[in-house]
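Next come two complexes, and both contain chain A; in the first it sits with chain B, in the second with chain C.
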Partner chain A sequence: MLQKKICMLGAFAVGKTSLVRRYVESIYSDAYHTTVGVKISKKVVQANNSEVNLVLWDLYGEDDFQKMNWKHLQGAFGYLLVADGTRPATLDKALALEQKARAEVGPLPFVFVVNKCDLVNDWQFDAALEAQLVAKKWTILRSSAKTGESVEEAFSQLTGKMLG
Partner chain B sequence: MATPLQSFSREFGYVLLEHKGEGKFVLRSEPPSWFNELWGATQPGEALIPLAEKSPFLENFLVEAQSCWNSPQTAECRSEVWIESTAAGREVPMQTTALRRDGKQLLVLHSPEAQYRDQVQILQTARSAVLEHEKLLREIQKKEILLHCIIHDLSQPLSAMRGSFDCLSAESLSEEGRKFMALGKMATQQQESMIRQIIQVFAADLQATTDAEKGANHAPDLLACARNAITWLSPAFAAKRVNLILDPQIDQQAHWHVQGEESRLGRVFTNLLENALRYSSEGGNVTVGLQTDGEFRKAFVADEGPGLPPDLRPAQMFALFSKGKEGGGKAGFGLYFCRTTVERWGGSITCASLPEIGSRFCFRLPKATVRAEGEAPPDKLLSAVADPRPAVKGRRAMRILFADDQEDIRTLITYQLERSGHHVHAVCNGREALSALLHKHFDVILLDEEMPAMGGVQAAHTIRENEARAGSHAFLIALTGNSAEDDQARLRREGFDAVLGKPFRLEGLAAILDAASSTLPLTSVPKKPAAAIPAGIDDLLGRIGGDKKLLNKMIRTFLRDTPKRIASLQKALQRKDAEEIASLAHALKGSVSIFLAQHARDRAQELEDLGHKSELGGATAVYATLKEEIAKLEENLRGYAKHTQAQPRSTVSKKTQRLTGKRKKQ
Partner chain C sequence: MDTFSGPVGCGPHFLPARQIIMADTPATRRALEPAEQASAKGTGPFDELRHLILAPEQEALDRLHQRVADPEARTEDVSSVVAEAIQLRRQQGDDEALSHALAPTIETALRESVRKDPATLADALFPVMGPAIRKSILETLRSFLDSFNEIMDQSFSWQGLKSRFEALRTGRSFTEVVLLHSLVFRVEQVFLIHKKTGLPLGHAIAPSVATQDPSLVSGMLSAIQDFVRDSFHTAEGQGLGRMNVGDLDVWVEQGPYAIIAAVIRGIAPRALRDTLAETLENIHRQYGLQLERFDGNTAPFAAIDGDLARCREFRYKEEPRRKGRGYVWAAAAIVLLLVGGWAGWRWWQDHRWSQLVETLRDQPGLVITSFGREHGRFVIRGLRDRLAADPIQFVKNAGLSIKRGEFHWGAYYALDDAIIQQRAIAQLLPPPGVTFLVEDGVLRPQGSASSTWASDLVRRALLVPGIRAVNLAGLHRNEQTAFDKAKSDIQSLVVTFPIASAALSPSQMAALRAIALRLKSLFASADDLQQPATLEVIGHCDSTGAETTNVFLSQRRADRVVWQLGQLGLPGTRLHAKGAATNEPVRKEDSEENRQYNRSVTFRVTSPGAN
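After this line comes the complex of A and B, so read on.
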């Protein structure tokens, strides 16, 4: 069976762990539990008429307290870049992480997930920024780990990209 | 039978494993319970445990561990914490250390449960606090917007009320009626003033961030703002017979530009002065002073009033709805506005009672780097280089050789540098750069790292070799897409004085050029002619019937169009398009002839002739001279335009003022 390592990248509290839990276990909790260290989950999916074992590395969110250890990206086939659509600073962080990831491990397939789209009233993902990123051929999805919106699709699109 | 060491390891939650290759291990100590929970019960011995298969994290870590085991210099390496889950779903924090002892590849695994719990708790608290703070800020922002809307709507009926009172004034009212009308009118004005102030405060809160950026680019002059505020409030002070004084000890020559935005800074001064006036008695003095303070500039307003209430801390004076001293203020927004404004610009504000009488309100702001009006702001990216802005004044003009194979970059940077007053010779690759250096001296050489024919590094080597023989030194700047720290160090070793990563910001290039300028001997910098009025201007003015407006329009057109023509000419030269060169040179000849610039006209004619004959061998050299002549002319014309704009207002007729409605309302 094919095995593909996927890393979750993003600022803290953007919902990386929630997305993984929603995807792997179909579970969601509103409570925020910060991730310290690395959590690894697995999910077997069907893609291109074959079974693929996705190994999901849920990395801690980068902030002033914890800096990314880029060694965790070794051997990754792709990553899910996650931002919180209600916190503009996390969008900037995501853009910075993408650049850094490219510098550290070269161009890897990724999908940009702007999470928490259920929080309509607080949504601040700038359409102009989205257009810019789309022009750069980024795959962007508005997701909600809470409702499950676009979660499956995000991983599915990334898997497709990884399998080329 | 377990040895004491094996039991000891288990007791303290550690397990020792020996690597047998391919991610397989044997146990060398009795495993703690979590090991058995995760990977099955087993005993020390020779049974192989495929840990890399069982744990993706360990599989990844083994790459690092293997380097450690293979390196005699590295004693050990430790992983970060990761989480493994047991079959029952219990999460076990793990950490491992790889080490080498007696030639054996060892791995020590342990579960730092307590330490992990503490770390989670600390980070959870810290991050939750950050999230709460962010949430609070968003809530405040929403409320401010709502309040702003409400206040804005409330102020609308006031216009009707004022209008009604004005209409009533025209009616014949009784003495009593006039009294009531005046009262109502006064109340309306007070309410309007209060609403305006509230709007200003909340608008300031909402727009402060963007204004701070804008302010940095415009760098208001603290002294000018203080003077304006004094002028503005003089009538109010005169009416109350309070003396308003600008401290005579202010150093008029000092650099008073600060971080901020002019109109808001003016309001800070007027708020402080109004506050001082409120508590001043007839015959008293209010002094406005400025002082330098390292990287800050300080301003103070001192009064001779009763001083601050003893029970009020200075910080409370600047709180929202604080009514200043003894509640004598109006809405309680003035000092709050001062505090929030200066703090957002990186400054601070304080107040204190003076030893004998009165109080002193003092604020300080970071000193700003003075940039001439129109200079590119620091946060503009390279894409802004085409933005037509007036040339930067006061910067040393340098001869710059610029090599880049990308035509758009070459054109834009050349255009920008020339607008900054530098003389630029742009070429496509290192070989052309070396060729240019054979004929001309340059102060700064800007080389792209990767270019066809000859790259920047190779060109730099040759330049430095030649300089070693000649005993000279040009300032070499590398432009590179590889701008990691290692690359920067590498390029410096190759002979570059500075490295600029692509995409770069204009202010980054400007800063490097400033640094380069400071390293140049004064004699090496070509002095640009003073911006004097060209001798031919009077003749020209005579020919157009003394119409200065028309002349200024002609100058503006020339200054607008010529850089484009120069840039097109340069491109035509690069393409070796003889016909186009002749055509553009002809157009330039016509333009410069208008201003009787004989030297420039001759060079343009020369270039036109070369174009017509398709003899482009010496065209580049003629073009360089033409460009220098045009640069001189441009500077002269700018000087003239500035001179005429600086004429006193009295030159504008009163009729014009009436027509344009620009006279200040009396």
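After this line comes the complex of A and C, so read on.
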């Protein structure tokens, strides 16, 4: 069986945990989150006619209070970079995190997810920036953990990238 | 209401009513109050009548009222029935409410009592505590006894013998070994986790154990490892070795690429950890490259589940496969080796010292009286002639340490010939050319020395301890040597004559003069040696003439020389002329030169000492 470790990267409260919760079948209690700084969940997906075991590491931190433990990113095969479409600051944070991740563990497959697209009225995504990222061959998806929009797709795109 | 409808009158009629009031509810009592107030205020004839009729009852009521209102009296009343009331309540079966009601009070009371004076309660509880404690001890003892019984059972079984042997071998007590074998534990799960990714590579689980998905557990275990490493700044390569929750233990062994984690319920022996470590080592050995290049594909590791299952089925074994108690063997072997080595070395040393003693025994001038180890050193006692070989040198030559040896020598004069010889050399100082030989106490000087030294030698030699006689046969006097030399010189001289003549040429005359001088000194030294010498002068001639002529000619030549020597001062009595004719040719006549040698005179010295 193929197993892949995936990390969730993104600023505080962008919806990482919600996305995982929406996506996976099994999940650990939230209690570990703050103590160990990571929450692990699993999802079995079909890819290339075989089963792939995705082990999702939802990293806690990267806010003013808690530093993320970058060691958890070690050994990941890819990550989901999450931003909150309603808060421009989280986009900048996502870009910074991508750079930091590259510095820490080298280039890894990732998918950029701009979450909370259900709050469509509050959309604050800069078209120019988006064009710039697309030019850099970033995969960008608008998702909602609330409605479930593009959640499956985000993970399956990432899986495809990791296997490809 | 019954109160008023009941029979009216004094005395006995009242008793039932009173009883009823006592048992009545507070509501009834309150209903009485307006009537009482009215009676107190009323003054009319009806009231008077009522007073007449009801006065005794009224008084009784007042008394009762007073009694009820007075807390003291009420306490008194309740106190007389409180025990019965509680008892009654319990008999009615509703125990719990009462207990609930009383519990807080009792608890507080107990706490207060203990706070005030613990001794009171302790004393009170003493009769209860004793049995309780005894019971507890008994329980503990019983479980000990169970183990003990097991031990006893084992004592006389094959397993017991094995345990005894194991105890002997491992240095554990027999009880400990048996207890180890009877430890109760179960390895519920074993995980092999890829260190870098935290992904599970293998998993073994005991039947009917509920668990989380291995992926989640593995991830969490490695996250916890990261957390611990990060939080406590442990050294690289170190990690959590053990987690414990209640009777659940998680044992973790770290490898370079993978970690192995066992979830254990109960108390597992340390040997399990060895098994875990060994399994992890084997896996690293077998899958090193795959582990290093792990890309999430667990297919190559399919067989690992089997290894983990074997770990999970771990039971305490006498001989843990890992190095195990090997170090005990190693230690024992080392001790044995050390002891054996020490004993061997000691034996070897003793042997070598004994050999040394034998060598010393063979040495002249050394007498060994005793030897052996004393306070860690090899002590040799004996007698030593001052001239004997230095024993220290022998110790050095044997390669032994002088520090380990000790000599105690008494001085003496050795009578070994070799020593006597040395002693004689030291005391008699033989001149160059003389050597001493001692045989059986007899000094035999060899070589030549002046006769004065030689004549003094015997007297001096007998003063040397050990020399009982002197044999001078081998000692030549210097004078004798000179005499012998002069003698052989003279005997090699040839005085030649012309053909068929006995006349001396002037040159031969001169030679004869020199010969005369040498002869004089020869005779003198022969006299000194008390070996009076005589000289035979032998005349020769060549073989050309007739024999009769030759005899005559040779005799004439000899006479001529003898006469001449007499003329030169030599005593005639010591000179004898002899004509040898051609009988004793000086040379073989193969040339004219050699033929001349036979027309001559030669000399022969005879003396008693000469051989």
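In this text, the second predicted complex is superposed on the first by the 151 of 164 C-alpha atoms of A that agree within 3 Å, B and C clash if a C-alpha of one lies under 4 Å from a C-alpha of the other, contacts with A are read in each partner's own complex, and residues count from 1 in each chain.
As a convention for this text, a residue touches a chain if its C-beta (ideal position, glycine included) is under 8 Å from a C-beta of that chain, and two chains touch if they have at least 3 such contacts.
All figures in this text were calculated on a predicted structure; none of them were measured in a lab.
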item: Superposed partners chain B and chain C on chain A - clash or fit; value: clash
item: First, second, both or neither for A:77, with chain B first and chain C second; value: second
item: Partner chain in contact with A:13 - chain B first, chain C second, else both or neither; value: first
item: Chain B versus chain C as contact partner of A:37, first or second or both or neither; value: both
item: Partner chain(s) touched by A:53 [first = chain B, second = chain C, both, neither]; value: second
item: Partner chain in contact with A:1 - chain B first, chain C second, else both or neither; value: second
item: Segment of chain C intruding into chain B (one of 166-174, 220-228 or 400-408); value: 220-228
item: Chain A residues contacted in one complex by chain B, in the other by chain C; value: 5, 32, 36-38, 40, 55, 57, 69, 71-72, 74-75
item: Of chain B, residues touching chain A in the complex; value: 55-57, 60, 63-64, 80-84, 91, 93, 116, 119-120, 123-124, 126-128, 130-131, 134, 138, 484
item: Chain B-touching residues of chain A, taken from the complex the two chains share; value: 5, 12-13, 32-34, 36-40, 55, 57, 63, 65-66, 69, 71-72, 74-75, 87, 89, 103, 122
item: Chain A-facing residues of chain C, complex; value: 194-200, 212-213, 215-216, 219-220, 223-224, 226-227, 229-230, 295-299
item: Residue ranges of chain A touching chain C (in the complex, touch as defined); value: 1-5, 26, 28, 32, 35-38, 40-42, 52-53, 55, 57, 69, 71-72, 74-77
